[in-house]
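The first chain written gets the first letter, and so on, giving A, B, C and D; residue counts start at 1 in each chain.
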Amino acid sequence: MDLTLSPEEEAFRDELRAWVAEHHPGREPEGDEAAFQFRRDWQKQLYDAGWAGVSWPREYGGRGATLVEQAIFNEEMVRARAPQLANVLGLAMGGPTVIAHGTEEQRQRFLTPILSADEIWCQGFSEPDSGSDLASAVQVRPLRQITGEAEFNELFLEEARIPDENIVGGEGNGWNVAITTLMHERATLAFGLQVAAKIALAELFARARETPLDGGSAADDELIRQRLAQLYIESEVLRLNAYRGLTATMKYGVPGAEGSLGKWHWSELNQALTELALDVAGPRAQLWDDPWTYRFLRARANSIEGGTTEILKNIVAERVLGLPRLR
Amino acid sequence: MDLTLSPEEEAFRDELRAWVAEHHPGREPEGDEAAFQFRRDWQKQLYDAGWAGVSWPREYGGRGATLVEQAIFNEEMVRARAPQLANVLGLAMGGPTVIAHGTEEQRQRFLTPILSADEIWCQGFSEPDSGSDLASAVQVRPLRQITGEAEFNELFLEEARIPDENIVGGEGNGWNVAITTLMHERATLAFGLQVAAKIALAELFARARETPLDGGSAADDELIRQRLAQLYIESEVLRLNAYRGLTATMKYGVPGAEGSLGKWHWSELNQALTELALDVAGPRAQLWDDPWTYRFLRARANSIEGGTTEILKNIVAERVLGLPRLR
Amino acid sequence: MNFDFNDEQRAIKESARDMLASRYPLEEVRRLALEHERGFTDEQWRELTELGWPGIFVREEDGGQGLGVVELVILQEELGYALAPTPFFSNACAGLLLAAAGSDEQRERWLRPLAAGEARGTLAQLDEGAPMEPTGSSLTGTKIAVADAGSADFLVVAVGEGRHFVVETGGEGVRIEPTRGLDPTRKLFAVHLHGAEGHQLEQDPDATDRAYCTMAVALAAESTGVAQRALDMAVEYAKDRKQFDRPIGVYQAISHRCAQMLLEVEGARSVSYYAAWALDHEPESGALAAAMAKAYASDAGWRVPASSLQVHGGIGFTWEHDLHFFLKRGRANAAALGDARFHRERVAELAGV
Amino acid sequence: MNFDFNDEQRAIKESARDMLASRYPLEEVRRLALEHERGFTDEQWRELTELGWPGIFVREEDGGQGLGVVELVILQEELGYALAPTPFFSNACAGLLLAAAGSDEQRERWLRPLAAGEARGTLAQLDEGAPMEPTGSSLTGTKIAVADAGSADFLVVAVGEGRHFVVETGGEGVRIEPTRGLDPTRKLFAVHLHGAEGHQLEQDPDATDRAYCTMAVALAAESTGVAQRALDMAVEYAKDRKQFDRPIGVYQAISHRCAQMLLEVEGARSVSYYAAWALDHEPESGALAAAMAKAYASDAGWRVPASSLQVHGGIGFTWEHDLHFFLKRGRANAAALGDARFHRERVAELAGV
């Protein structure tokens, strides 16, 4: 058992940290279009420096890094508050799926443009009604969320024809490919999530210290201290479970079901964190002028996006515990 | 809306209260046999004075009281810390079932001995394996619980023959009769439960005041105050829901599904109450010499006995909310 | 012992539900919330006035209907269920304080027109920074999260030691500025006072406390209605939406969640009704009952919509779906007039912990 | 970065599990708990001694194996999983304090025989009433909930200001009386001292604090094992038991409950291992990590068995079923060496809230 970084891992981290410190492009501009272009430029910059897709094979534009280095990369990017990438889903889901299930032609065709953000990928998993018929070509409409923002899109496919050579994993193998896609999403995103949780928690600590309460601050209040401490412990458990999962993945080669556990756990943690933040805000929680109000609303989706908590618990029960499946 | 008692209801309560104050037999003796005889004697005394089965029809030995009076009876008995009756299940389940579904012969045969505790009833609903074959005559063996006590029995039936005239509700009508039995159990026991919860809570308040903590008492501690207050609110909600259910039952004639809600809610409340008591005890929770240790263990059965919480939630979902049933 | 409405109360409840359902379909709620500056139309206010709602709790001598807290709570529950954007509640808060502590002259000047729906008031309670300290009858400072101030004729301004001042919004030194609230169905404003003239109400701690208890219970009842609607939406969705060839309502992750929502909604309802009854008929229990109601409904009021959102999955998180308005109202209500923790501490104190 | 045991650690874990499974089937646990006064046999203790367990964390110079907290935690998790009644842990508590703050002479006198399994100690921490105040080296007062004191050769008695005294149980003025604990698998005693002679350990706050952190982590690991076993029992039961023609494990009320138990067990395990590693290799993180581990495992250690009991239904509530022993151990552990709240407050402090 060794929870410190090896000299190679430390060198990787230090190199990355120095590079990010030098090239960090500052705050994201306002407005959807501008923000998107900003993220695209940032990803291109990473790609040009060899930092996009660090764990992808070198022959497709990656760095061939270890899983630990990939985890370090994710942690460092969050820690530096680096901008998001334009092509998160291509990097986290599409690319790994093509690497795992694609033909050599597909890899040559698709992987590099994912890394360079020349081609942006999206994921289309949810349908308005299960069993619905997919109904002229592709239409995309932004989907506003309860926070007022548009982060997702509605995608309308009407008799869209997909060329045979674009089927990944062969015909009739869709479920298997979809599962891999989701497992990659969960395993790789988890590291970013746990660091994001830690940053949010640090901000909440600061908020509590700055909020006056009964002559002191909210951070002196025993109830709030207990809840902050519990969240701190949960965030550490999330981090440590992710590292244990990573060690197992490196040993056994495939991401396990721990990713499902982590995604579910993170969503509960993040929701609890934003709920506590609004409690700390007290009567001011009625106002919109607080970043935590937005976060509270945004966090409601955490237990839905990328696999609902209900489905994740099913997966844990069936695949980890071996409980029987309802038929 | 009138949550006060009518003059008739007040008179009923005052008469009962005076009677109980005069006839209360004091503390139950040690030992299972002695305790049982004590309870049996107490019930006989109630029966002789006309206080057993207050809401049962007068022709079968009851008092013909209203549901509100039945509720007052249950509350008063708990409030006076009157001994338990020997024949709780006969009074709460067996009797009401015979009244609802029995033939006139059955009513004449069985009801009065239930009230006088001349015949003790038990309920046999749980089997070691579902679908098990019931296997010479009737054997009874006490079943010890995790608290170390024997409150339930195991009942072995081996080729026991039941005379036709003892079938209640007719052959093939078992499920319907069973449901009535359970609904009566829940509706009638609920009033006793909510008062029991209030008494337990008052004892917990006292315990908190007596427990030294940080120079004051545990009752001065903000975390404990918040939890005590929440339990107080829940106990009031339990009481008020029971009264709303009672009003509805009086209006519509049959006990509704609120009984399921109340039983489930009470079990959570009582478990939370005993959990808080052990937290108040701090390191002394390791010791057995505290009545709350016993209560903490005993409370684990609350969410199982008389219908598990899982089954009660199913009932609420299907019968109150009209959600579809899994087939 | 009868825990049910009488015939008159039932009639109020049913006509309120029917009227609100016809006037405030969710498209109208959405339109008022997102496109209307004040959040309600004159026509809508006139209709409520014709029904006598603004004066429902005001004594007949002061031009009201002389009904009780139970009747106010009935309207509030239905307003919450409909999620009707209206200044009804903010106006009622001002009216309750005037009725409790207004002099004869003050009641004549502000309460009578309020009861008649001819003038509206609102309560300005929350300070931006340090508590507002009046100099004689002159008020300076900023109050935030004041509901419907932009369309109110006067404010009841709370300052230290349980004192209240009426300030007319058209007077000198009053500047009112819209602020964005979490809940777009209730319009919030910042009120800046610079030497504004205030008319002090009488200091009657018991009567004022009862007024605040009544507001808390009325808001608890509103949250009960909000939660009930969110539950109804969840149940309907759980019956219709299919996954893996079955309606999702057959899965216990959904059905038990709905059962839990029912437990919370029924609990909030029982304790709100009880508190209303106690304020009307058993004053010695009123303060404790009101604190219980607001504490319980503060939690249930947003947890139930949040739970309903989880039942709905992704669709419930979209702006196009109406559920988010219920979540926002419920959470904003939880923060208004004392949060759950504040009221639990009051319960602890009054229950003798 | 490698969050897994090395080969030696894995070998310790596997041999511990195999040995404990063969020596402590649940009938034997039950027999020791209910029928045996001391809770263990000489033969059982001898076997642990032959394996070198009592001295596992003791330096080789003092006659131990010179291994770390990680190895101690491995044994503790397996002892919890087996629910083995043994004085191993109480003895380790005394040993950790002697190793931390014993003088050369004291270590020679008490730690070396402890490491060799030839003498046993235990920690007497909890005061019956007012804190014990020594007069010179003379101790008077009562300590309660002292594990295995009835079979111990000496006690390490904690008094104010971080001071500790070794008191031999055979000495003058020492009376030891069995008390019934919540958990029958660990025998508790009251220790009455009347002018008993104590040998004071050195006052080294850092070393003593590390000893207490180590005890907390070791107990957290034990609770992790307890919880894991309760989960395994629940999963097995959920696969076998049928209701409505299906194994109950297909119902989400059961399967999601089991998933939640897994989350808590894995969390307790991760944080206990991490804390053990930190105490061995990253001392500056040790205190915070230990507080996290004990806080988390205090909760999981009894909630998981309670949840398993719910999965089992009525049968789980019977005395004949073994589950209750796990619930009782878990809950007693939660109360020992600082409860969850105490350790969360420590986390708040050390994490800089």
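One rule holds in what follows: a residue touches a chain if its C-beta (ideal position, glycine included) is under 8 Å from a C-beta of that chain, and two chains touch if they have at least 3 such contacts.
Note that the structure is predicted; figures quoted are calculated from it, not measured.
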| item | value |
| --- | --- |
| Contact-richer chain pair [B-D vs B-C] | B-C |
| Reference chain A; chain at largest CA-centroid distance | B |
| Between chain C and chain A, distance of the C-alpha-averaged centres to the nearest whole Å | 39 |
| Whole-Å separation of chain centres (CA-atom averages), chain C against chain D | 53 |
| Multi-chain contact residues (two or more partners), chain C | 251-254, 256, 341 |
| Residues within chain A bordering two or more other chains | 222-223, 226, 310, 313, 326 |
| Partner chain C, residues of chain D touching it in the complex | 251-253, 256 |
| Chain D partner contacts - residues on chain B that touch it in the complex | 126, 128-131, 143-146, 148, 152, 223, 278-279, 281-289, 293, 296-297, 300-301, 303-305, 308-310, 313 |
| For the chain C and chain A complex, residues of the former touching the latter | 126, 144-145, 179-183, 188, 241-244, 251, 253-254, 306, 309-310, 313-320, 323-324, 327-328, 331-332, 334-336, 339, 341 |
| Footprint of chain D on chain A - complex, ascending | 1-6, 9, 68, 71, 205, 208, 219, 222, 225-226, 228-230, 232-234, 236-237, 240-241, 243-244, 246-248, 251, 258, 261, 264-265, 310, 313-314, 316-318, 320-327 |
| Partner chain B, residues of chain A touching it in the complex | 221-223, 226, 326 |
